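Below you will find the structure I want to go over with you.
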């Protein structure tokens, strides 16, 4: 087990080193190396998966090993180790499969690009980081891998660095997620401060023994969740993800759909005992997820960039998972549902992205308004994409159905038990309908109807085999993943939700399972209804055209605008900041120089403004003081030499004056004292 | 007195011999002088490595030599190394040959440059090996003059201003150190011995009743060291000096000279006046915080690349101070580790600035763009340096920053914890200015003006890659370094914790 | 005796101070020099009254016969006999102020200080001390005596060296006193 | 001790006197018209012989000589050595300098030697008559020396200002001494101290006034504020060798005078090296001197900042250093005395090197402004380096001697717990850097557009090296000097 | 009123002040020299008066005064020579005009 874990990590890192330094000199620029490495990792993961899931077959299986790494002094020892349980095994499979597929796909998609070798090096780096994130056994290494994932994402988004938009996007992504990371770091520090440990199991144990007080665990939990908010692009740090689509499409599929953004969800799942010890944290998580899920889906309706639509749908789906985990603190099945959705989503979202990549590859545009009727030209892509769409829409027999349904069931049960939290379910339900609607909008506009741009249509062609094979693999997985209900149950058996602490007690007190059956079936029925409702509506609008888009747009005017402009969040950040900044001309100047992009748009004007001010402070006040001092010294020097009049009588007068003063002062002092 | 160990003495004075030899070389033989200078830094490096062979982290002072120097004043030539100085000694002997290589382009008054450089190296090593306060002070001051000339003669356009500013600031600080030194000497039974001053004071009844005096003494020493660090608001010499200094000297300034401030605090202020150190902790932490945030913000406002790096140094040294202010094992270890790591990382950054300046003859960040396309090697190494500077895991800076922040977070003093929490936002700010700079220089559309700029030469690679390797290795195996000083720092923390 | 002594003192003091004041305030240099003659004489008389006959005589010989003549030569050489052409004084107000302060400080000191004087100075015999002085000058004060001679020699040579006008080189750089621009 | 026996202790002065007379005679017989400076050589030999005799006198025990007029103690010996050594260097400088009017060199050396004799006597006086005479002897000579320059104008002006200022200052001092005589009824130091000790009280005001008047005399010699006004003008106008002489020897003599008077009359040794007031006098001498010292160094340093003339700048720097040395005096401890002696030795070498370089500058370019040293490093690298050593010594940075001088002084004042003075002194050091660095800057960082390189005369180079080696050597190994200073800080009681 | 020591001291201090006043206010060099002489004379008066009023037959005050007189002569000679040299160079002895060196 240990060896396997090492091997899984070793292959990508070796590939990275070789690829980074010698990539150019290798045949085919070494694409086979990275791909092969991740393939080997996949094999190892698979063996591990079999071992854990099938040979051991123990829901509470845990393999843990840790090695001393370095010491921080005073008993604060940092270790490195593996924490392998069922969740790890499943996650490993997801990551390696998607990663391998994307590697494969990239060989075709990226063919002929400049820095082709670096691209694969970065992919290897990413794979390594992600696998490390999954395998590690303590918070510190988790944080490290967290950051490494961030930086590989930075490198990959900025792969087309000579494009300003890409350069902006990668920086925005990194910085925005880093804001989350800082919170996570603070969360880790809080835990370390009170427990002095990094190791998961030790921390869980300590938490379960109530070694730290309620509010501390709440603060730590919320801080840790901050990391997830950043990395999983939850509201309000979601702004980087749509921009991140500037990266090459395989990257979007791998990082910004399937794996990295799921890392936040994985982290919440992994550290669930910490979060679930505090109901407040769980509620925060649930509502943040809900907000993201709902409003991202609203935005997705009106977008026309194919990748952006998918990006917003990703946001929305991540929101589902997060909500599920949040609810999982109160309802038994939801935790599993969230993680299950993470898995299924990984496959179908990767599939959707790769399909969109295939489409883009064919028509060289991202705008769905310029597509149409492509199903004739590229049938494999069309079919696989429809499979993905069905999966995401929650149509039965596809993977999304089971997971989404489970989430809705959990939310419904929660809502029934705690009526004040019923909106969670409602929001998710409506969101599900909207999801079906906009995904089919995408399908109809892209593959059906008449081509809207004949020229592009004429040049379109099916993608090469290296690209279609991954699509097929993923499509299969999107279907197989749909063991539907059974899948959820199966996972339930494997991944035992580590419900501990107060939330669980609360759940137990309310009698878990009270509305469980009702919720389950009710949710299933309702979700089916809304999914088909969404599909049908979409069909009528975009295929049959029985409902005019223009009319809809007009009727829904403000709402449309709201959605089309992404609720003006980016602009909101900008506008509030501008308003703040306008107050001072100094800062205004700074602003002019710096309105460059989003995340830094959030922070840049403020920070840049402050920076300018503090720069000015430095230049004029602190430094000025010093220079002023110099001037003063000089002036005093000049004044003191003014005494030096050059006139001898004057010198004598001054000397006499000094004598007189000295004597006078002394005499007066003597008089006063004695 | 048991047998004297002359290893450290040799290490320190080899460069001085080199300087003397260079002075005797005809000034026409420029290349020969450069080679000579390089050769004379190597024995020190060898001594440093040899030192590692026998160094035992568990013991306190090693390689001790104690020879009476000025008997009447009880001054000794007393040198030795412990966990605190060993990393810095290694850093110094390692960076100096690299800096000589980086100075290969100097062609004006070569003889003066390299002999002064070697003199400077002696001064720097001397500071780190001194265990006698007076000796420490002599070396401390000895560095001033070479530095003044190196900046003033071979620097940029405003070199005179920068050089005198550096000189004035440092002297301003060191006169207070001077006073504090003598006051300590007078009131501790005439001793300059850094190893015994602390216990002497702790045991003395005079000092037990002289809290006020101790307070002032600590402040005086703190001012001296704060200027070197440089701590807000004494930092303004640094951007000027860094910007105007030639590349190698910027490297030395940022890589080694700044460490002397924090080294001095840890070597002198903390052990000698631990009770005052504890009292000042919150104050140091506040300054550290200002350094971190303020340094980062001001860095963001810069358009001159070198100035940006200079301000980033201020920010990073704030982290060192934060770790020190925490007075927890993690904080202390983080601080020392960060001292070393900042030394290597900033050295890289300055060398990189030098590379691009040699080609473009300006350092305006906005004046570049898209360099990554045509200078992949340079861009790659710069990316490594930048990522290391912003504390990316895998690079050494990360470990030390984390340790320092954790130390701060675990401090006994609540306010320091709060300061640390706010201070972590510095992590984001660092990322912002580093990445933004990287974007403006390397990403985006290619600036046609520099389309045919050549990539790194072999010499530049030779200077940069060893540092990069160290940065990486220490990022993955920080224990290599931490083990060297962890016991020493543990003892210091123990000493301090008695005073809480 | 006392009364006579007092009267003589007051007269002499008046002469000394008045003539000194005339020296100070007179606008004519020659008048001032001549007025100084009275000061010196008055002082010599005071010395003699105080029993210092040798000093008194020396005063007359050296001051009146030497220094004053020297000063008068100076006056004539520099052709500044005719005064009153230009303003002759400067910063008088400030000087007066300073002196007032100085006097105001010094005079109380004179009166409050217990000088180590005899209770009855009148009892001290007023004999000529020329002989004693002569003896002392050649015994206890022999070294000062010799040094004084050396000093006079140096003064002589120095005065000659300086006053002997020899051709000198004109200074090339005229105005070196512009303010430093640091 | 009687006059005749005392002559054994007086040999150096006698040798100097003989040399003086010989120089005068030679001058009369026109030897100074020879191409080679015979009189200079003669004087130099005389000084060296005197110095050798002086060294031989170290073995003799401390005693009072010449019927109480002089003392032979270590303090006096130190200063005699100091003055004779300095004079020798100055004679050497003058021999190769064209600033002094060559036709009068015989007289110049003679007067220089007389000044030296006066200084030696000042340091060893034990009687008010003697000390006043000695002071006048050195002053009169100095007035004349200041006017010895080859060029017209400034030299005379310097001489004039010097003589008037000096006359008034010594007059004030004399007035103070006369009051002191009145207080105690004695002119001998021992008698004076006895008289003060026996006084019943109420003499504080008078003693303070006397002290201030004495300060006027001593202070003008050491260029202490507020009696420093003559210094910049005279330093600038006088021939450079004379300036060097005034800035080192004359200043030393002033300190000798001040210490002699203060420590032999107003103070007596107390416990553990501290000196206390005699009798019932209760005056805060420490504070007065410390205050004056603080003002002196501050004015000196600030004044130096705006100077453009090197000699004038060094005059202000000399004022500042007078302030530093006064810090040592102000402690009124033996350690303070040691520090003064110690500092003076350092100051001697340092200042002589600085002035020697300036003399060479003036020789080469006939210009003594800071701008004249621009690019000196390229034109005359050795002199630039030596000047730098001198300047860092003046700033007080290791490893130059000036640093250890400061160490000693700060040690003394901090031992007396005068922290405020230490801080002022320290800050002044920083300020002083500002103008010293300007010279360094001019030499190394600035370029002279049209100045030509010049070569050092070998004698100058030799002298420079000879004077610079002690600066560095004593900066690093000052143990012997500490012992020497401790040895010399003994005044006869 | 019987004449006491204080009377002489008052005269001497007044004399001293007048001398000081002269050197501070008079522009003419020779007049300034006169001021210096007054200062010296005031000290001499002190010495003589003290010598008279102090107990004992000590004459050190007188001897001191003799030396002062000698010195005054020497100093006057030198100073006058310098003033004359000044006059030769500058054709004036209004000494405040001779201030080429200042600041």
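The letters A, B, C, D and E name the chains in turn, as written, and every chain counts its residues from 1.
Rule of thumb we're sticking to: contacts are C-beta pairs under 8 Å (C-beta built on N, C-alpha and C of every residue); 3 or more make two chains touch, one makes a residue touch a chain.
Quick caveat: nothing in here was measured; it's all calculated off a predicted structure.
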Q: Check every other chain and keep only those touching both chain B and chain C; list them.
A: A, D
Q | Chain labels contacting chain A and also chain B | A | D
Q.
Centre to centre, using CA atoms, which chain is the farthest one from chain B?
A. C
Q: Going by C-alpha centroids, which chain is farthest from chain D? Tell me that one.
A: A
Q | Selected pair, greater C-beta contact count between A-D and A-C | A | A-D
Q) Between chain D and chain E, what is the gap in Å from one C-alpha centre to the other? A) 26
Q) Rounded to the nearest whole Å, what is the centre-to-centre distance of chain A and chain E, using the mean of the C-alpha atoms as each centre? A) 95
Q: Let me have the rounded angstrom distance from the C-alpha centre of chain C over to the C-alpha centre of chain E, please.
A: 3
Q. When the C-alpha atoms of chain B and chain D are each averaged to a single point, how far apart are the two points in Å?
A. 43
Q | Sequence positions of chain E contacting 2 or more other chains | A | 5, 9, 19-20, 23-27, 29, 32-33, 35, 44, 49-51, 54-55, 60-61, 63, 67, 71, 74-75, 78, 82-83, 85, 95-96, 99-103
Q. In chain C, what residues contact two or more other chains?
A. 90-91, 95, 98-99, 102, 105-106, 108-109, 115-116, 141, 144, 148, 151, 154-155, 158, 162, 177, 179, 182
Q. Touching two or more other chains, which residues of chain D qualify?
A. 129, 133, 136, 140, 143-144, 147, 152-154, 159-160, 164, 168, 172, 182, 185, 205, 209, 232-233, 305-307, 434
Q. Among the chains present, which pairs are found to touch?
A. A-B, A-C, A-D, A-E, B-D, C-D, C-E, D-E
Q: Could you please specify the touching residues of chain E with respect to chain D in the complex?
A: 5, 9, 16, 19-20, 23, 29, 32-33, 35-36, 39-40, 42-44, 46-47, 49-51, 54-56, 58, 60-61, 63-64, 67-68, 71, 74-75, 78-79, 82-83, 85-86, 89-90, 95, 98-103
(Q) Under the stated contact criterion, what part of chain D meets chain E in this complex? (A) 128-129, 132-133, 136, 140, 143-144, 147, 152-154, 156-160, 163-164, 167-168, 171-172, 174-175, 177-179, 181-182, 185-188, 232-233, 236-237, 306-307, 312
Q.
Help me check something: in the complex, which residues belonging to chain C touch chain E?
A. 2, 5-6, 9-10, 13, 16-17, 20-21, 23-24, 29, 32-33, 36, 39-40, 43, 46-47, 50-52, 54-55, 58-59, 62-63, 66-67, 70-71, 73-75, 77-78, 80, 86-92, 95-96, 98-99, 102-103, 106-107, 110-111, 115-118, 121, 124, 129, 132-133, 136-137, 141, 144, 148, 151-152, 154-156, 158-160, 162-163, 165, 177, 179
**Q.** Residue ranges of chain A touching chain D (in the complex, touch as defined)
**A.** 630, 633-634, 636-638, 640-641, 643-644, 646, 648, 651-652, 654-655, 657-659, 662-663, 666-667, 670
Q.
List the residues on chain B that touch chain A in their complex, please.
A. 165, 169, 232-233, 235-236, 239, 294, 297-302, 328-330, 332-334, 370, 372-373, 376, 387, 392-394, 398-399, 402-403, 405-407, 409-410, 417, 420-421, 424-425, 427-429, 431-432, 435-436, 438-439, 442-446, 477-479, 482-483, 486, 489-490, 493
